[in-house]
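Let me begin by presenting the structure, written as structure tokens, before commenting on it.
Lettered A, B, C and D in written order, each chain numbered from 1.
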Amino acid sequence: MDPQIIIARRVAQELKSGNLVNLGIGIPTLVANYVPADLKVFFQSENGLIGTGPIPEQGMAHPLLTDAGGRPISALPGAATFDSAMSFGLIRGGHVDVTVLGGLQVDAHGRLANWMIPGKMVPGMGGAMDLVSGAKRVIVAMQHAAKGKPKIVKKCNLPLTSARPVHLVVTDMAVIGFADGKATLLETAPGISVAEVMAVTEAELVVPDDIPEMKI
Amino acid sequence: MDPQIIIARRVAQELKSGNLVNLGIGIPTLVANYVPADLKVFFQSENGLIGTGPIPEQGMAHPLLTDAGGRPISALPGAATFDSAMSFGLIRGGHVDVTVLGGLQVDAHGRLANWMIPGKMVPGMGGAMDLVSGAKRVIVAMQHAAKGKPKIVKKCNLPLTSARPVHLVVTDMAVIGFADGKATLLETAPGISVAEVMAVTEAELVVPDDIPEMKI
Amino acid sequence: MMRAVSVEEAVAMIPAGASVMVGGFMGVGTPERLLDELVRQQKTGLSLICNDAATPGKGVGKLFDATLVSRLTATHIGLNPKAQQQMLANQINIDLVPQGSFVERIRAGGCGLGGVLTPTGVGTLVADGKRLIEVDGEPFLLETAIRAQFALVHAFLADYLGNLTYALTARNFNPIMAMAADTVIVTAEHIVPVGVIAPDHVITPAPLVDYLITNG
Amino acid sequence: MMRAVSVEEAVAMIPAGASVMVGGFMGVGTPERLLDELVRQQKTGLSLICNDAATPGKGVGKLFDATLVSRLTATHIGLNPKAQQQMLANQINIDLVPQGSFVERIRAGGCGLGGVLTPTGVGTLVADGKRLIEVDGEPFLLETAIRAQFALVHAFLADYLGNLTYALTARNFNPIMAMAADTVIVTAEHIVPVGVIAPDHVITPAPLVDYLITNG
């Protein structure tokens, strides 16, 4: 299975009926494709919409209805639009139940870096800092390693997105939680051993006796 | 002429076309009655409306359309409604061009007390403190003296509404400004002499050579 | 996910002594059915957060009639003699807040802000015990966030998902309070199917609402 | 009082070097005609306040194409390579702000607040040079108010008085910026008679608008 699809499928299982969910750009966007049809989830687009629907059919897009990347989207029945102050009031105020974001690095305590590579990539933090500071639950969806280089590290050498730790990291190899402020291996991907995960994880990992396999 | 009508007529002359105006309860409310028909003034009701119209005809009132005192009002074509955060954003943000408020005392520098008589009247400040702190121009509309006791005093012994001075006080006897931080007599009411004004004014008054009579 | 419940069930969830925000301005835009039921179930010792005390027999005035309030945060209580008597007899602990600061404190509570800096109240009694913070040489009061256990909100239209709109001056504090409480309970003048309220006309998006009171 | 003017007249009022807020999110909800005219009139050295740099050829992207921007306050510029090049070449002085803080700072500027306390950015690069203020033991960053000389706003409907509504995700920063500038200039998809926009659907009340660009 495609690594991105493993991640998206597994993250989708974290969503509960009634959740207000904000998905970041990249792998997180794919999560919407794997939400069971009977699960009533509200997706927020931080440019001002709750109730984002699929990409509209050819010829049905409206230029004033887009996602945060400026791409045409649709709105489901019961959608709501609002200004940016409200959008970030929802985010920072803890009204977003789950946010799923991409990551460059996550440290041993769950702190995320995902907005800047000094001297190289300075696009700006957009809404990421508010999402990590404010959402009830923050899930990072990313590849476990970049070209063999661990992304779950002892200490981030990239600038942090927030001092607040994330709740869960879901990669193509593992699910890692930070319940007691320590990176803890919770699940491995199908066919991946604990040793293989450890080999590409720089942060010290708490490894409980029983590590179930992801059910995807 | 009724003292309240003298005041209301004179205050109405301060309003300009396009002004956003907030009128307090009491004498200030009467000001709306004396605005020339060709002057396009927007009246705000701080409970969430711009474009307040006259009291509706018998049987035409709606229970969800009231002024800040809870009394039925109407809305003019082009009216706008909004929540209280917006209402006070408009007030504190300097978008209200003129507010007209009642007063208990005004001191020699133009500082107003109008919300509390300790141990006697503690209704609360409502929106008065925001209006005096935020409106572009603050006009106090009040009787010059209460039972012969001056209301324009050296120093307020009642709690201040704001540390920011008001711009103009209009009474049944005089118009007083505070341009240089000093109470200055600008006009007298018809038939009232400067000496009569001075006799019931406790604050030191700057009295220019030429004091015109109010044109009402 | 919003649940539709009877008014009895909803109020049964509110314990005596709870902190409760109630929408409305002089009783306009107040969830009367919830207030009637609070009285019927005799929920005593409430910490009430409401713009005003309305009038006896109307809106939150009913809570004072039944002496259910032990703390009150409000901007004015001038038109409810019972609330004033209870305050002067020290039966109610009262905190009077300027209206603009009142709504910003609630907004801050709902939007994840620690507080706001306002010029309102600087140099007055309201500044007592509050931090004065200078920005570019200008003094501001730090007004900190307020939240409550329950927000009782009255809408004009609610759809089956919980999207809300408000009518005219009945909007006032309702949408702000709907963000600032752990549990949000809503009454509506009309309950309508999903899709009846256009996305651009939704003021309170569905995920903010916990309980909607059913008709009858 | 709002005045209807041509796009040429409106932009002629903006001097080179002015501070200008522009509504829009990735070019959606941006007043394109005003941007085209800024380019035509070659208004150089602008201090631009806008959520993002859009993309070349679209929205504020046009200002970077024409190298008219010398300062930029934004939340991300990742999708505009020209803006990134100009930043890396030190042709633009750039201030990156988290999106929730960005909109709250503008809201504060428009609503007469000195600033807000936000948890976003605490413990990150964003905290550099900012005051850390504790409330009940929790650390917050003080984010101060932003205003501009001009706000360029794009609405969906504008009426002859200047009342505005917005459509779908094109609302974003427009109504917030419409409160935070000395002069507010508006383009609208449709100009309609007074009364066409219901009072409850007005997002920006008429008194906030200084100039409305006429059709054609």
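Brief remarks on what is shown
Keep this in mind: a residue touches a chain if its C-beta (ideal position, glycine included) is under 8 Å from a C-beta of that chain, and two chains touch if they have at least 3 such contacts.
Remember, it's a predicted structure, so these values are computed and weren't measured experimentally.
Comparing mean CA positions across the assembly, the chain most remote from subunit A is B. Averaging C-alpha coordinates per chain places the centre of subunit B 34 Å away from that of subunit D. Distance from the subunit A centre to the subunit D centre is 29 Å, each centre being the mean of its Cα atoms. The mean-CA centres of subunit C and subunit D are about 32 angstrom from one another, to the nearest whole unit. Under the contact definition stated at the top, the residues of subunit B that touch 2 or more other chains are 49, 75, 81-82, 85, 88, 91-92, 133-134. Under the contact definition stated at the top, the residues of subunit C that touch 2 or more other chains are 104, 107, 112-113, 118-119, 166-168, 171, 199-200.
Contacts between chains, counted with the stated touch criterion, involve the pairs A-C, A-D, B-C, B-D, C-D. Only residues 45-49, 62-66, 68-70, 75, 81-85, 87-88, 91-92, 116, 121-130, 133-134, 159-164 of subunit A touch subunit D when the two sit together in their complex.
If you check the complex, the residues on subunit C that touch subunit A are 1-2, 107, 110-113, 159-161, 163, 179, 194-195, 199-200, 202, 205-208. The touching residues of subunit D, counted against subunit C in their complex, run 104, 108, 112-119, 133, 135-136, 138, 140, 142, 144-145, 165-168, 171, 199-201.
Those residues of subunit C whose C-beta lies close enough to touch subunit B in the complex are 25-29, 51-52, 54-55, 74-79, 84, 87, 96, 98-101, 103-104, 107, 118-126, 156, 166-176, 203. Within the complex formed with subunit D, the subunit B residues making contact are 17-18, 20, 40, 42, 49-51, 75, 77-82, 85, 88-95, 97, 133-134.
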